[in-house]
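By written order: A, B, C, D and E. Residues from 1 in each chain.
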Amino acid sequence: MKKRSLFFTVIMYSIIFLLLFPLVILFVWSFTKNWPWPNIVPKAFGLRAIKYVFSPTSKSLKTLLFSVWLSSVVTIITLFISIPAAKALGLYKFKGKRLFKLLILAPIIVPPVAVSMGIHVTFIRLGLANTFLGVVLMHIIPCIPYGVRILTNVFEIIGESMEMQARVLGANPYKTFFYITLPMISPGLVSAGSLIFIVSFSQYFTTFLIGGGKIVTFFMLMFPYIQSGDRMMASVYSLIFILTSLVLFVVIEKTVKAYYKAENYFYI
Amino acid sequence: MKRNLKPYVLLLPVMLVILGIFVSGLVMALIQSLGYFPVVGLKDITLKYYKEVLTDKSFLSSLSFSLYISFTSSIIAIIVGILLAYSILRSNKKERMEQIVYKLPIIVPHAVAALLMYNVLSQSGILPRILYNMGIISSQSEFPSLIFDNRGIGIILAYVWKEIPFIAMVVYTILSNINDKLSEVALNLGANKRQVFFHILLPLIMPSVFSAFIIIFAFSFGAFEVPYLLGPTAPKALPVKAYIEYNNPDLTHRPYSMVINMSLTFISIILVWLYHKSFKLISKYDG
Amino acid sequence: ACGNQQTKQQASVLEKDWETILKEAKGTKVNFYGWGGSQMTNSWIDNYLAKRLKEEYDITLNRVGMDIDSILNIMLNEKQMEVKEGTIDVVWINGENFFTAKENDLLFGPFTDKLPNFNKYIDKDSVEVKYDFGFQVEGYEAPYGKAQFVMIHDKARVDKVPVNHEELLQFVKNNPGEFTYPAPPDFTGSAFVRNIIYDIVGYEQFLDMEPKKEVVEEAIKPAIDYFKQLKPYLWKEGKTYPATIAQLDNMFADKEVVMTMSYNPNHVVSKKQTGEFPETASSFVFDKGTIGNTHFLAIPHNAPNKAGALAVINFILSVEAQASKYDPNNWGDLPVLDNDKLNEEEKEVFSKIKIGEGAIRQDVLLEHRLPEMPANLIPIIEEIWMENIPAKGE
Amino acid sequence: MSRLELKNITKKFDNKIILDNINLVVEEGEMVSLLGPSGCGKTTTLKIITGLIYPDNGDVLLNNKSVLAVPVEKRETVIVFQDYLLFPHMTVEENIGFGLKMAKVDKKVRDKKVKEMINLVRLNGHEKKYPRELSGGQKQRVALARAIAVEPKVLLLDEPFSNLDGRLRENMREFVCELQKQLKITTILVTHDREEALMTSDKVAVMLEGKIRQFGSPEEIYKKPATKDVADFFGEKNYIKGTIENNIFKSRIGNFKTTFNKFSKGKAMIRPEEIEIFSKDVDTGLLGKIKKKKFAGDRMYYNILINDVEIKCITKFNKNYNVGDMVSVKIDFNDAVFFKEE
Amino acid sequence: MSRLELKNITKKFDNKIILDNINLVVEEGEMVSLLGPSGCGKTTTLKIITGLIYPDNGDVLLNNKSVLAVPVEKRETVIVFQDYLLFPHMTVEENIGFGLKMAKVDKKVRDKKVKEMINLVRLNGHEKKYPRELSGGQKQRVALARAIAVEPKVLLLDEPFSNLDGRLRENMREFVCELQKQLKITTILVTHDREEALMTSDKVAVMLEGKIRQFGSPEEIYKKPATKDVADFFGEKNYIKGTIENNIFKSRIGNFKTTFNKFSKGKAMIRPEEIEIFSKDVDTGLLGKIKKKKFAGDRMYYNILINDVEIKCITKFNKNYNVGDMVSVKIDFNDAVFFKEE
């Protein structure tokens, strides 16, 4: 039956190694005071950055928690509005479908600096600037393409027949959604959700503008260090950033899997 | 009647956000690109900025540099990403660490990815150090310059590194959920593993790959961080040009930035559209 | 109508006496916006400034690390929408950005005369207080600290430092591939280019030069030729340049190049403290001098807590704060107080501070200090550099 | 518990007419079989009744009220799909209980009902399995149980027994019929098994190429097919050309008495099972030669040559002759159906 | 063109034995029917033959060589799945041509072959459709054509006709049989249609609960079922308890002559179609009363009470009696099968 192929195992590990290697360096840099050429291991280690990040005056951890909360809200809302859109694009034929698909890509196609000013002005007008809600709304925009696109593909594959069956058995559209659609798309939801979270979690420019400094996210603390080339600080912040997301995703994936017993739901 | 409206109703929330918020921003960018920016005293609508920017020699070289970076990185990412996803599937055992760790680069923001590439690939990076210590190169300068070079290798690698897991994740999600039975049928009909991959699995994941390609292409075409941090002094990628103009403290330069941004947008749309067309020719199985 | 109201409000703060302002400021929160890319700077503000302000005035200082570009955009957009209660109370600013902000009526003021410490300690007539990159300050910003361009080298790898452009050229020819500078418009790279220009053609002519490309081009032609001469011996044969000073610093730290540079004379000390630079790193300046500038603090026109902002800026101008800031263990930023206006006790405070190994003494720096170029010339120079240096000669 | 009526239903796919002006009335509690060749539009008809597909034209009435505007889940017309469509993320139990859960039936009542259904479809021991772990027939039974559990007003069965073995099939069929009669569930059964259709249903509708060609009682349909197409659909027939004169049917295989007299030239349709054969010493006036023979359990299929005309004949399995044998043949033309020659 | 042998095949799922020591030999070019109730392990057996499932024990031999190590795609044993499993991204044409394409058959040859197959399964006009646009029966035909197109050595058919109407079914069946004989393709047919199994196959294997209970020619299986379970599987039977003494079977419904003499106490199994009824003026020595009656097209199902014993009886449809009628009954005990009473 399914034999593990040596060839593909080797390929897999090679690629994974290449992907992880830079992260190992990042980890080393988090504790590296200096590392002159041509040393393979750093000359001196230090805890300056770690100490700073964990010192209460830097507010890093508080900000981290807040960022996680903010991005979770963004993720949930984005998924919530992406699911119906993805369903429409994945299952139905209708006029203007192409145009809608393109429109949904727009936030990726148009560079954020181009639209941010107009949006900021609009948000000031609506009283959304410098508010949590404003930042959430702003974050949703670049997340939409990821959410909708991925879920559209999922809907294309699972089709509508299961939903129909549920409707026939007396489930109204809401129940159909919760009992049938949601569990069936749950693997896709996890993928899409992770991406959305990351996109939101690493928004910089727009958070500044719309949050006006009132809403401070973890990435905003971290980015200046990347720019200023303080590799130790940048590495520690990145490390925390990555670990937080990772832990979150693993937990969510496991929970969803346990809850929905997610397996091969996709019927063709 | 009512049924025909259904897809539109479903699209409504997303469209509200996109049209309501996003497009309002876009309109302002468009207006500014036409030279109308009253707060700083620009009040005439003019095509002057377009003319200036588009006829500038460096615009073309920046454009081709950007295109080259996005295409190359996206295509490499697609190929390796699919290969990775398939490899994981083929060496499959459930719940293994590998399935989680390969996704790590997805979590890494682009700016950090640039930093990582710098750490590894610059002439003082870890890679030349290893080569030096193995005696393969005898000085830093023997290591090819991959960062800040005008072939954009550093940028491309940063994108490739970031996007491979993204592609792999998208593909793996779909791949692992494609009814195993279809592969069984194909095998049973005499297709070998390779044929199963190319004739059954690949066509079935094609729509997703297609989406993913568009996403990463459009993104790398329009984002400034990575080329800004790893790119050569000249030619500059278009988004970097736009970004620098945007940050010009002289606010009357804003229209230049917006012209570049609008051009980026326009070119992206054309490319996406062309891609759509050509994709339809290759695969009839489009949702 | 709106404008009127605003001036009234502005006037109202400035009309009050200092006691009332302090009373009003008590217990409030002040949003302090500025660049957040230096851990030492951040730590100084968070650990020293914020703490002392709380103790002294019961003011909560909220530091927001943000690029000046973003800050300007926020202010500009708020202006556009006529937002009366903005988000920012104090902005760390200087140069072209100040000019832009002032030109576009984004700033509150003039306010400096209201500050007791400004009146007491600052030499109001000094060029560096009256002008910021050649622009008139007119009381719309108060000095925060001083910076001066310095070159940094590694003593272990450089025997004799070049003290003018010719020696630099010779040095680079002798050590090909070991030197480079960040490409303008990087702030420091741009300053390096100007410094070389000053070294070659002198600085006086620029102070009132017409901001026209042809004029500038003509004036700096010898310098441009010099850069062309320099180019083939630079790192990667001058085909490309680090995009930011940060990259150059890292290349220096990794021993990829033997020199770096900074607009902060104490930079080398803090980098040595963090362990990034080798112990043998040290600063030097050209004989003819290097460019110095001052960085400032301003208050946006729609700052929600102007009284608090005034109190904070006033405190920063105190001997205690400036001295703490000057300590390389904290930040190492040059003080802006006029030495002549300090009493002995106060002078003592400054002289007790040990400046770090490798930094240049303050008096030496001041001897070699040249004024910044007017800001409107800078983009022109950057453009000329861009057109002539990296692209050509491929 | 409803009267179902289809009125002038028309449906096109890709501009090809799939359903062409369908009219059908199923009275309350009646069981109607819908028969027709593959691809004739049966599934489409059922989908229109439940509301999963919108007709291009025409109306669906339940108790004389149009239900086109009623959403699927409120119609109480439940369909058992040809391809099961079990929810892959639910166990057998959960699948069967789904409809009841949706109707907010009390958990205890639901559990009891589910248990009952599992017993009835004989899936004890499989309660906790997921669909991917079931055999084809097991899946089909789950689908059936799931639909019946909700006791719908109208039950639409799309070949619900096709993957069951004969015995199980009979059992299931009986069980469905009983339940249907007892609860008076209006039912439409799509089946390919002609015998099933004839035996179980009150009425039979024969659908050919998107049209309902005949609708009547099983006996009517079988004995008096409205057209040759309908007759053909019920298995292979013998068609014997000939002329009718004075109640005598004259053909190449001989002349036969008949009561039929409507036209003079045509074809007599004789069902293979209406032809009897005897050993050649029995005199029937007609001799034939066995050309082909096939064993089919309880019956035998023979092809017999009479005057070069090949006649098919089905007999009891115990009438055993060999290929080449001469036999006496008896054909009863009173049961024959005549079609006019075109 | 191969001899297929299963040797002691055993397979468990979740520690439940599904296949229990299966042995089966299919000679070259033979057609064997595999019969058995739903869930007994038929599909699993086929999957083991093709290599999609590994047996826990035992061996699969093709031409006396074990093929367990041969990968699926090299075995040339093609299965037609119960649930079609068409490739959703390919048209009908492409689906059918898939196997040939994989075998790198020349495009022209392939196209011709595909065209031929489409004609044979009667899907002209549907060539360009995607599976989601097909009806159930159409899908099934595509699946069949797709498998046959590659002309495998061993063809495994898992209820390939279950969704086809009777006529099409007969056609398809004939077509497969002819092809199979012509190309000498060793074939296993899983079917729920007993008649189909008996009519088409050289041998029949009856599988019950994961074991092969009887393997023999259709007539053998039908006439001499090895066990009561096998007999039962072939439809409802009459079992009459009684004793046998001196070639006389004594029972509550009377005494009958028989040739059987192996044991003295047991059950006589009489098939309903072996019982004949006549109007009561015909003297058969046995009178009964019609209790139930069911029309089934070419036959009638009667339940008759004889001395309170209910006897099932299937007659030709033209023997029409009404419930309550008294009829003469004729039972031939020579054809009866006797089972010893336990």
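Convention: a residue touches a chain if its C-beta (ideal position, glycine included) is under 8 Å from a C-beta of that chain, and two chains touch if they have at least 3 such contacts.
To keep track of the chains, here are their UniProt names: A = ABC transporter permease; B = Spermidine/putrescine ABC transporter permease; D, E = ABC-type quaternary amine transporter.
Note that this is a predicted model, so its numbers are computed, not measured.
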For chain B and chain C, what is the smallest step count along a path of chains that touch one another? 1
So, comparing each chain's Cα centre against the centre of all protein Cα atoms, which one is closest? A
If I rank A-C and A-D by number of C-beta contact pairs, which comes first? A-C
Centroid distance [mean C-alpha coordinates] between chain D and chain C, Å: 91
Please compute the C-alpha centroid of chain A, do the same for chain D, then give the distance between them in whole Å. 55
When centres are defined as mean Cα positions, the distance from chain A to chain B in whole Å is 16
Check each residue of chain D and list the ones that touch at least two other chains. none
Could you tell me which residues belong to chain A and also touch two or more other chains? 37, 116-117, 121, 227, 231, 264-265, 267-268
By the touch definition above, chain B meets two or more other chains at residues 124, 140, 179, 182, 204, 229, 246
Please name which positions on chain D make contact with chain A in the complex. 50, 52, 71-74, 76-79, 81, 85, 87-89, 98-99, 101-103, 132, 146-147, 150
In the complex, the residues of chain B that touch chain E are 179, 181-182, 184-193, 195, 199-200, 203-204, 283-285
Can you tell me which positions in chain A touch chain C when the two form their complex? 33-37, 44, 46, 48-49, 52, 57-58, 116-117, 120-121, 124-125, 129-130, 205, 208-209, 212-214, 216, 220-221, 224-225, 227-233
Listed in rising order, the residues of chain E that touch chain D in the complex are 13-14, 35-39, 42-43, 82-83, 133-138, 140-141, 158-159, 162-170, 192-195, 198-199, 218-219, 222, 232-236, 271, 273-274, 294-299, 301, 314, 316-318, 332, 335
The answer for chain C against chain B in the complex is residues 67, 69, 72, 76, 79-80, 95-97, 99-100, 104, 177, 183, 185, 236, 239-244, 247, 250-251, 254-256, 375-376, 379, 386, 390-391
